[in-house]
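One chain, chain A, appears in both complexes that follow, with chain B as partner in the first and chain C in the second.
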Partner chain A sequence: MDDDIQDILDSVSRPSVPQRTLDLQALTRAWVNERTSPELLPYPSDLVERVMERVKKQIETIEDMTGTADPKSNFTLVILQTELERFKFLVRSFLRARIAKIDKYPHHYRAEALKESQATLSTPSPLLSHLEQQYLQSHQGLLSQHYHSSFLSSFPTALQKLDDTAGGISMVDKPEEDSAVFCRVLRDAGSVEIQGATSASEAELRRGDVFVIRWSAVSDAVKRGDVELI
Partner chain B sequence: MYAEQANKLVLDAKRIQNLPHLPPYAATTVRAVTKEVRDLDREVSNLLAPYSSGSSSTTQSSDGTQQIKSSFSPADDPATACALLVNHLSMRRNKRCLLAYHRMRTDKLEGMCWSGVDVAEIQDASASASGRQSGGGAATSSLSAEEEQYVHQYSDLLAAYKGQWTDIDLTGSLEPPRDIFIDVRVLRDAGEIQTEYGSITLTRNSQFYVRQADVERLIQQGYLQRLS
Partner chain C sequence: MALPLPPGLTPAEVGFLCEMELVTVIPRQRLEGLELLGGPTQPMIPPFATPLPLWLALLLKKQRRANISPPGWLNVEALTHILDFETDERTADVFSPSPRLPQPTSTAPLEEDPYLAHDALELSPPFLKDAATAQAQDDALPYHWLELSHLLLTHAADDFDDPDAVHRLLRDLREVRMSKLRKGFRVLDAGAGVKMNGMGGMEVAEVRGFVGGVVDGLRRINRSREEARKEEEAEQRENGLGSSNYRDDEDDDML
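Now for the complex of A and B:
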């Protein structure tokens, strides 16, 4: 994931851009993607770690500068604080968007995370961060406990499950993968199949193009970093 | 009619979606729906009793649809098969309605936890709201005992998760920050607060130009009002 981001950024921006700017770009992109995609995207742990590291440093810098109480540094201080607030907002909004998605389809993501952990022991960018996984587990624990104590316990045992698939309807809700998203192609990414009402056709993803397209058609390209959502 | 009570819950849940406060927990309806499910289940086992051989207790615990297939052939007796199907579907429907109702309420409660409302305040607020509605009756909490417990546990969980992101303040404002300094008016006495620029005493009706991050929490709690 991280390498991918690096790649895209290298291809779209001048090579002399420092890591700080790249991270900001990547964070903004991750934030927009996360907020607009119907599905949860893999967690960019390295990126978040780097950003948090920088936020911590910036807080220290600001504290140092306030300590000196030099009237001349006040203006710089305001700029630094504004920047810090904006960074904090980005990370906060990003994490909240993820939590909202996790809370919306808890069973689905729990199953996905489980599948992932069984498939490979260490993926570079897992779907959920460690903390999110903990949150998901305990939240589900609380919810099912609540349901049980409220009414499920007096149900016949056959009906007490929360992830029942009997009767032709699965109780596990899934994100709508066919919903439309707006996206911009950052890098030529081959062609994708578009399912029309009557027939299927192909669309070429060329750099700079903007599409309204089904999420399922571009989700892989977005995860690779070839396409960004807008 | 089957699932009529459950439908009430779903309508209620729909209504709750747009309410600022949480109406009282519909304990009676929930109980009625649960009872209906138990009655339906009893009826199913009564219907199936003649068909099951000896080990009826074990077939009971297996899944409903399998039960029909294994112990009795629907083609022989379509009427009974139909009755069983309707009963099963009604039970499932009732369960979904109950789940939807409870989920709606817990979502609402979680939202309150996220927006920083204190647990005790949630109860007070909903209690007073319900009190007003019922013509100033006894101020009882509109949360069920289970819900109260849930709120407590959820806010603990949230606090634990938030604690990992202390630099970010996860429950902070989701509005993109424009200015770091804002004008606020004090609505309720909030005592003295410490900021990087010294301490301020927040007395009612006074107005301040302060750093947003310092007073974020107080705005959420309703002590201060932001002036645009």
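Now for the complex of A and C:
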């Protein structure tokens, strides 16, 4: 009985959540997902843009307040600055985790980004942000130039490629899609197939469940928001 | 530039996450509402309890501007009750249940919605309502129980009735649950898909390396068997249905 009333109260009080709070929740989710997944996830460009805009404004506010040097507002300033640093940490750690993945599998992600740009004109969440794409291109350009000038040029021409796939063996490293991840189910999401050594089975994803599971089994559900990584 | 850490949150990062939980603060002096980046805070007017994020509560506590009232499950009586459940023989292979989940509030995203669209964002710890406030459910441990109680006991021990007893109970709980976890490792295999309901955030961080390593290692060892099985199944399907577009995985360089 009490539960029912609580549920009704919860559903009524829900719409008053300000957008800023939702953005914090979304950014936190993005950060945890990115830190724990073996593969690069889509880039939430609108979200990061909104957050960065607000961070910039907050820095201006803090600078204004420092100017007035009122001892009373001093403590407020400490709080604002602490929160700002927490936000900056979130964004920075999120972006750095992405760069680490891009650096680890540059050829793979370059090919993926190319495939994506050919398939669609523009998506709200591309795999790589504009800056990340630029970084990937110029970093790879520098690297291959360096390899060429230092040793590749003395190899036979047939062996000079860095992304050779001939002979059934690909030189392009890929992230391990089957590695195990910890995840939590947020919405009932049907069942997924679990491949074992001797047999395949199915697992039901129900709200509230925590699983250790292969990334490939839940990656789509994570992108949909039905499942989050922990 | 790039983050030099392997996938998975470090204990410090789990602590950071935990500091976003709301706790109940009893102010000792006035402070007007603040416009923070993560949303406005309520004004503090003594002696009325105010919900604030843990990091802010700790900041106020260190400056003696407020007291933190511990969540409902963080006292001797509630913890003893939970410990009884954990040590009961009948529930020897499960964790004590997590707090009740609220009804889901979001809907599945549409095809064109971006990743992490607001409408499709289902709340989870550390943003679940009343996990660590004074109104928290008193018979269940929330996701961030270990981190949260550690932080509160370190920085706000004087807000507890009996901090030493609470500390002892928490240590017992931690040991019981860890030994349960270790026993549970027996079911790990190459396929993963192991349900581990009720696990806390710090516990996940603690066993991630081991569990991930075992599951990934077993998968690598069993890969040829798994592939042989899949091929066999695909063949059977092909024979049964007459047509199939099954292709061998071209990137397969392990065989």
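We adopt the following convention: the second predicted complex is superposed on the first by the 216 of 230 C-alpha atoms of A that agree within 3 Å, B and C clash if a C-alpha of one lies under 4 Å from a C-alpha of the other, contacts with A are read in each partner's own complex, and residues count from 1 in each chain.
Convention: a contact is a pair of C-beta atoms (placed from the backbone, for glycine too) under 8 Å apart; a residue touches a chain by one contact, two chains touch by 3 or more.
The structure displayed is predicted, hence computed values, not measured ones.
A.B. asks: With the two structures laid over each other on chain A, which partner does A:174 touch: chain B (first), chain C (second), both, or neither?
C.D. replies: Second partner only.
A.B. asks: For A:37, using the defined touch cut-off, is the partner it touches chain B, chain C, both, or neither? Pick first, second, both or neither.
C.D. replies: second
A.B. asks: Which of the two partners, first being chain B and second being chain C, lies in contact with A:86: first, second, both, or neither?
C.D. replies: A:86 sits against chain B and chain C alike.
A.B. asks: When the two structures are overlaid on chain A, which partner does A:59 contact: first (chain B), second (chain C), both, or neither?
C.D. replies: Only chain B; A:59 stays clear of chain C.
A.B. asks: For the three-chain arrangement built by superposition, which of chain B and chain C touches the greater number of chain A residues?
C.D. replies: The partner making contact with more of chain A's residues is C.
A.B. asks: Between chain B (first) and chain C (second), which does A:154 come into contact with in this model arrangement: first, second, both, or neither?
C.D. replies: After superposing on A, A:154 lies in contact with chain B but is clear of chain C.
A.B. asks: Could you tell me if A:118 is touching chain B, chain C, both of them or neither one (first, second, both, neither)?
C.D. replies: Neither partner.
A.B. asks: Just checking: does A:96 make contact with chain B only, chain C only, both, or neither of them? Give me first, second, both or neither.
C.D. replies: Touch status of A:96: both partners.
A.B. asks: Quick check for you: in the superposed arrangement, does A:68 touch first (chain B), second (chain C), both or neither?
C.D. replies: Once the two structures are laid over each other on A, A:68 reaches no partner at all.
A.B. asks: Kindly list the residues of chain A that each of chain B and chain C touches, one partner per complex.
C.D. replies: 55, 78, 82, 86, 89, 93, 96, 103
A.B. asks: Within the complex, which stretch of chain A touches chain C?
C.D. replies: Listed in rising order, the residues of chain A that touch chain C are 3, 7, 10-11, 14, 17-22, 24-26, 28-30, 32, 35-38, 41-47, 51, 54-55, 58, 75-76, 78-80, 82-84, 86-87, 89, 93, 96-97, 99-100, 102-103, 123-125, 168-170, 174, 176, 178-182, 184, 186-187, 192, 194-201, 203, 207-214, 217, 223-226, 228, 230.
A.B. asks: Can you tell me which positions in chain A touch chain B when the two form their complex?
C.D. replies: The contact residues of chain A facing chain B are 52, 55-56, 59, 66, 78, 81-82, 85-86, 88-89, 91-93, 95-96, 103, 131, 134-135, 138-139, 142-143, 145-147, 149-152, 154-159, 162, 166-167, 171.
A.B. asks: Can you list the residues on chain C that touch chain A in the complex?
C.D. replies: Contact set of chain C toward chain A: 1-5, 7-9, 13, 16-17, 19-20, 31, 34, 36-40, 55-56, 59, 63, 65, 98, 100-106, 108-109, 112-118, 120-124, 126-127, 129, 188-199, 201, 204, 208, 211-212, 215-216, 218-219, 222, 225-226, 229-230, 233, 250-251, 253.
A.B. asks: Give the list of chain B residues in touch with chain A in this complex.
C.D. replies: 30, 33-34, 37-38, 41, 60-65, 88-89, 91-92, 95-96, 98-99, 102-103, 106-107, 110, 144, 146-147, 149-150, 153-154, 157, 161, 164-165, 167-170, 172-174, 176-177, 179-181, 196, 211-213
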